[in-house]
Amino acid sequence: MQGRTKAELAGISLLGNQAIDYKFGYDPAVLESFANKHPGNDYFVKFNCPEFTSLCPMTGQPDFATIYISYVPDKLLVESKSLKLYLFSFRNHGDFHEDCVNKIMKDLVELLDPKYIEVWGKFTPRGGISIDPYCNYGKEGTKWQAAAEKRLMYHDMYPEIINNR
Amino acid sequence: MQGRTKAELAGISLLGNQAIDYKFGYDPAVLESFANKHPGNDYFVKFNCPEFTSLCPMTGQPDFATIYISYVPDKLLVESKSLKLYLFSFRNHGDFHEDCVNKIMKDLVELLDPKYIEVWGKFTPRGGISIDPYCNYGKEGTKWQAAAEKRLMYHDMYPEIINNR
Amino acid sequence: MQGRTKAELAGISLLGNQAIDYKFGYDPAVLESFANKHPGNDYFVKFNCPEFTSLCPMTGQPDFATIYISYVPDKLLVESKSLKLYLFSFRNHGDFHEDCVNKIMKDLVELLDPKYIEVWGKFTPRGGISIDPYCNYGKEGTKWQAAAEKRLMYHDMYPEIINNR
Amino acid sequence: MQGRTKAELAGISLLGNQAIDYKFGYDPAVLESFANKHPGNDYFVKFNCPEFTSLCPMTGQPDFATIYISYVPDKLLVESKSLKLYLFSFRNHGDFHEDCVNKIMKDLVELLDPKYIEVWGKFTPRGGISIDPYCNYGKEGTKWQAAAEKRLMYHDMYPEIINNR
Amino acid sequence: MQGRTKAELAGISLLGNQAIDYKFGYDPAVLESFANKHPGNDYFVKFNCPEFTSLCPMTGQPDFATIYISYVPDKLLVESKSLKLYLFSFRNHGDFHEDCVNKIMKDLVELLDPKYIEVWGKFTPRGGISIDPYCNYGKEGTKWQAAAEKRLMYHDMYPEIINNR
Amino acid sequence: MQGRTKAELAGISLLGNQAIDYKFGYDPAVLESFANKHPGNDYFVKFNCPEFTSLCPMTGQPDFATIYISYVPDKLLVESKSLKLYLFSFRNHGDFHEDCVNKIMKDLVELLDPKYIEVWGKFTPRGGISIDPYCNYGKEGTKWQAAAEKRLMYHDMYPEIINNR
Amino acid sequence: MQGRTKAELAGISLLGNQAIDYKFGYDPAVLESFANKHPGNDYFVKFNCPEFTSLCPMTGQPDFATIYISYVPDKLLVESKSLKLYLFSFRNHGDFHEDCVNKIMKDLVELLDPKYIEVWGKFTPRGGISIDPYCNYGKEGTKWQAAAEKRLMYHDMYPEIINNR
Amino acid sequence: MQGRTKAELAGISLLGNQAIDYKFGYDPAVLESFANKHPGNDYFVKFNCPEFTSLCPMTGQPDFATIYISYVPDKLLVESKSLKLYLFSFRNHGDFHEDCVNKIMKDLVELLDPKYIEVWGKFTPRGGISIDPYCNYGKEGTKWQAAAEKRLMYHDMYPEIINNR
Amino acid sequence: MQGRTKAELAGISLLGNQAIDYKFGYDPAVLESFANKHPGNDYFVKFNCPEFTSLCPMTGQPDFATIYISYVPDKLLVESKSLKLYLFSFRNHGDFHEDCVNKIMKDLVELLDPKYIEVWGKFTPRGGISIDPYCNYGKEGTKWQAAAEKRLMYHDMYPEIINNR
Amino acid sequence: MQGRTKAELAGISLLGNQAIDYKFGYDPAVLESFANKHPGNDYFVKFNCPEFTSLCPMTGQPDFATIYISYVPDKLLVESKSLKLYLFSFRNHGDFHEDCVNKIMKDLVELLDPKYIEVWGKFTPRGGISIDPYCNYGKEGTKWQAAAEKRLMYHDMYPEIINNR
């Protein structure tokens, strides 16, 4: 009663393996992928990651964010447990909000060579102001290159209401 | 005082029949359809299905999701009770989130030959991350083929706010 | 201190008349219209109708919905009290959700000959699934014919979150 | 420490003047304007007016609405205190919802000669149904004429959820 | 374990420096910038600033707003602590809502020479009416000039619901 | 198919009578009552009245409130249409918030001689502050006298969150 | 794999029987009960019934409400399908809000002889006012008689916020 | 058509007087009171003040809060415009959150000699933590002394959900 | 850097062990406990379990609920992974809502011998009605026996608002 | 313009000092206190801490929670910046949810010797279940000892609605 055969699950090392080494330093090498079984139709996969935390590169104080990652796969899907470990590796790492979000996108482009990807970070406030960077990418030579431009151009025209509570 | 004659209701076996066999294994054969009485105008039908549950193919643990299905019928409509039984048949079935959503779409395309269809699954989190796959389809040779591309290109530009509570 | 003269109010029989016969069978003849005083500019009128109820044509059980009706008038506006009586006439009438929504639209097109109209029904769940049909119409030979296609093509790309409670 | 000089504030008679005559009859003459200091860039100004009330022209019963007014100024801005008095002048005035909303728009076009304006009224229910008219206007010979058509064509595709409570 | 080297952090004087002079008069000179490390891809940075307050130029009474600032950087990013001090400098400054929002945008264009920027102020009500100005800017000679026109044309088509409580 | 006989409905003059004189001055005489058919058990009846408006006694400017009225009837119930007309009679009447709320309670005590009653007004803000008066009453010689003291003592320990938008 | 034996399910005629006669006139005889298997501990059962509708006894217009029923069983539980049919029987029945709520409570006391019961109806507005009656009952000679007094005395001290939309 | 005579309004200097001196330093002397016309029954008056701002006594950075003030008057009511000016006088004043809230309460006790009063401040976060002080007071020799103890003992048992956004 | 020694963690077999047998039939034997390290002070532990599903004993159709479990431990705490497996064992088990909730409570009393426990199930609707059973228990001979009576007596006096969507 | 003199601020080392050592191991020694200036009246201070994170002692995976801390001070108040550093010290520390919450309370009792304190942790889900421990303490020999028992006995009778999204 399984939708995937054992062979189709073979490349996945982390899911179902509880004895995992959590990396306390930024480490894109923990990311794993597996085969997309639906190459005939473009589709979206979104990850909601409300448990992201990193450090401020100037003061060392902790930062908190929800990271939203959406992508259109080509041949590969990212394995969610490895994504969790990857995001965990920012835990004791210092970087600006704008840099974190761009770095996550570039590491996933490197891993997956997706048709399209976007990353949106919504950070908690410091000194009464919160920062929400958003970046995206469309693969050259596909229709997703133009799509990325369009999605950026119409990004966040209805900002969520924020009151810091 | 009926909007449909007995003849128009004749093909429907499950609605109004409480003695139903619930299938505990994935089974697209339970799906039933009936005639669309409004072929003169394209229109949308959406199903909200917040009671979807399946199993993880690696660990066997239960997964939960709300599945949203929207389609533009051609000659046929899906009967809602049979859709319920079909979704029930994932209850003890193991599959990845991305595979479930694509499979549901393909089974309904097979049943209905619709002009357009889309399926969006919003799963509860595992390890602090939740996954929301979305796929769609437009019938070749109709304007809905281009519409499907457009809807995918502008999909989910305003992600709902998630905090895992 | 009145915005409309007595002459302009003359055709309205139901508003301000409490001794009304509620029809317990489906009856589009109760619908009334009055003149649009702003023919120089296209504009929208929307009705929110959260108190719609009909019967299931198979089992006789009651169904409940919120019906949203939006239209761009040409020469006529629908009188709201007559709309209320018209929707009431579905109270003991049996029809599928998809048929109710299309029927309401067609009856209003017949009454008003509007430039544009759309009807969206959001029904409460049966067996854990709810159904939300949506149809629309643009008058041939006006720009609203193309507008109707566009609005259908981009319909409901951000489905509301449903949890059946 | 002032952003506007006394000269720039000279035309404003109502703001900072508490001894105001509230008009109990509809009176567009109370509206006042002042100079737009940013003619180099088009921008929007929106007024949220949740305290609008008028009377039903047939029955005399009070109606309540939130009125949303958005416009792109040309040479003039409307002064907010005068807008408040203008809206107050509907308090004991009888008119249909559709007529109120069109009338407000036309009076502000007359006052401001704006590049663009739209008015949306969301009324409370009577007999279980609420009515929300929306109209707009773009100045002939500017790009806002086409913009007005577009905004009308895509108006309110995601109706707010209404349950009459 | 730092994402930015000391050299890359060198220009930032306010972040990590608690002994700051808060300016009680409007002062754009407090704004600071630092280098954008991702010039290869356009992306958005948004600031949510719910703690903005200024004075009314006519009456001296305090005004409160949430200011939303979104921009696409070219070579420079605005440092968030300096933005906080800049917004603080409106605290005892008198200006109309429409003027505050345009002034903030122009000061940031001067500082950053961004590809795109927009500023949206949502003020609390006075006399039952609240005012929400919105302005934007796209750099001449880039695709963001046309993008700014589009974003303005489709601005705020779904106004948030306001009830003054 | 009626729960009340014609005799039991005989005293009610306003409900079902559309040709009503709306009083534009404060007038408690419009209030009507009818018999309580459940004298054997104490119970609560609550009215939610979000469409209350009056005038400021100093400046003449309009005030808006939601009035919540809850009571335990003795022999009489207040007829809801007459309550609507009574509240309407404050429309052009000037009074402080604290006085309106106490006055409504005292007029209903006079009409109904209830076992218990409470009135809570939640007004929209003026100058950034809103005022919510609450008063109650328990009939001497009944257990509701002590109940009134208790309810006042524990009143509103969880104030609703207000942000003036 | 059943928690109740066939014997324990024997008295239930409606659940699992789709060919039901819906009664269009008020009919408490449709109510059914079954045995409470947990007589050793008092506990609550609550029914949320948002699909209640009846008629106004004066004007015949439809009324809509959500009915909340909570009780502490003694020897019997009410079967939910029969409760649904019972509430359906108000569909074409005319009664005041206050009378409906008291009548539902008394019919369930007659059926179940419960230790405690309460019924709360929250109706949609008519003429801008909504009515929410609440009644309760505690069995004489049990501690629930005093409990009923306490619950009534502290009823609804935090009224939900109502704005009629 | 006035609820208060000119004599009853005589002591009020600020309401209806727009030419007010806003004090930029903490100043309890601006508070004004007027007579309570309902001394026969105890009742509550609540002020919702979401536009409070002060400075941090250590760093000078601005703090923001919503202040909720509830009191049971004895002979005097506080005039709302003077309360607004009083709260404004904290604008450039440095004090800890705990001190602000206690100070506001004590100043109002001094002014009004009320039977009961409570003040709750809900501040925006600094460094990821927000602080909400609450204090209250009951007049010695009245039942409100014990009531104050009770209200403190049961204070805030259902903390609002906070996520800093 | 551990709050519990290896010895203190010794009895826990499921947490950190991914190769788990999920039981498809009701099985209280999977429940595990571990030692309470804070016996000196009574405290509450609550589990929120929104992913509960069982079957209807009459029709076999799936039921869905959120189960809330709160208890005051004596010597033992329930291990959360074993609780998850226990709740999973209802997945293919048929029982009425009222029976499920009582059974869960009794199994946990058997396992933990707690001072206090309560279980609240909130099920999704069937036929337009949802059922929410609640039961509790206080250990004889402790103050929690009386506390259980009090909590039951004041249970759910503010029912959440339900609209089946 | 300061509410506290330099002398009164003397004991505070962390606030206004940005060059702070963040401790990566659990360390209650970082906590600091300062004098309560309002010993004449009992009052509450609450901290909302939505950015708490620790590690699972079994698997090392990160846990996230919002911690709510409320206390009634005696002679001392906790300094908020030191509280932030203290909570930060759990970042790389492994402990069960129930142990974290009890430990935080005991460390603050040790620091402050408060009259009353309570700590409530609301953790994000693992495997579909979330855990919310709550503990409290009242100082022996004060009325807050009994108050602590009461608050525990009536704790969380209205659990927030959780759906894991």
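The letters A, B, C, D, E, F, G, H, I and J name the chains in turn, as written, and every chain counts its residues from 1.
We adopt the following convention: a contact is a pair of C-beta atoms (placed from the backbone, for glycine too) under 8 Å apart; a residue touches a chain by one contact, two chains touch by 3 or more.
Everything quoted here is computed from the prediction, not taken from an experiment.
Mind listing the chains that sit against chain E and also against chain G?
D, F
Quick one: superpose chain D on chain J by CA and send over the rotation angle as a multiple of 5°.
Angle of the fitting rotation, chain D to chain J: 180 degrees.
Counting a repeat as over half of the contact pairs in common, which of A-J, F-H or B-I repeats F-G?
Matching more than half of the contact pairs of F-G: F-H.
Among the chains, which has its CA centre at the largest distance from chain D's?
So the farthest one, by centre of C-alpha atoms, is I.
So, what's the distance in Å between the C-alpha centres of chain I and chain C?
Chain C and chain I have C-alpha centres separated by 47 Å.
Could you please state the distance in Å, as a whole number, between where the Cα atoms of chain A are centred and where those of chain C are centred?
44
Quick check on chain H: which residues sit in contact with 2+ other chains?
In chain H, the residues touching two or more other chains are 16, 18, 50-51, 59, 61-62, 64, 92, 124-128, 130, 154-156, 158, 160-165.
Within their complex, state which residues of chain C touch chain G.
Of all residues in chain C, those touching chain G are 18, 20, 22, 24, 50-51, 53, 55, 59-62, 64, 88, 91-92, 124.
For a test of understanding, state which residues of chain C touch chain I in their complex under the given definition.
Residues 61-62, 64, 122, 124-128, 130, 160, 162-165 of chain C touch chain I in their complex.
If we count contacts the way the header does, which residues on chain F are in touch with chain H in the complex?
Interface residues on chain F, with respect to chain H: 25-26, 57-59, 92-96, 98-103, 125-137, 149, 152-159, 161-164.
For the complex, which residues does chain G have touching chain I?
Touching chain I from chain G are residues 1-4, 9, 12, 15-16, 36-38, 41-51, 66, 68, 70, 72, 77, 80-81, 83-84, 87, 120, 122, 143, 147, 150-151, 154-156, 158, 160.
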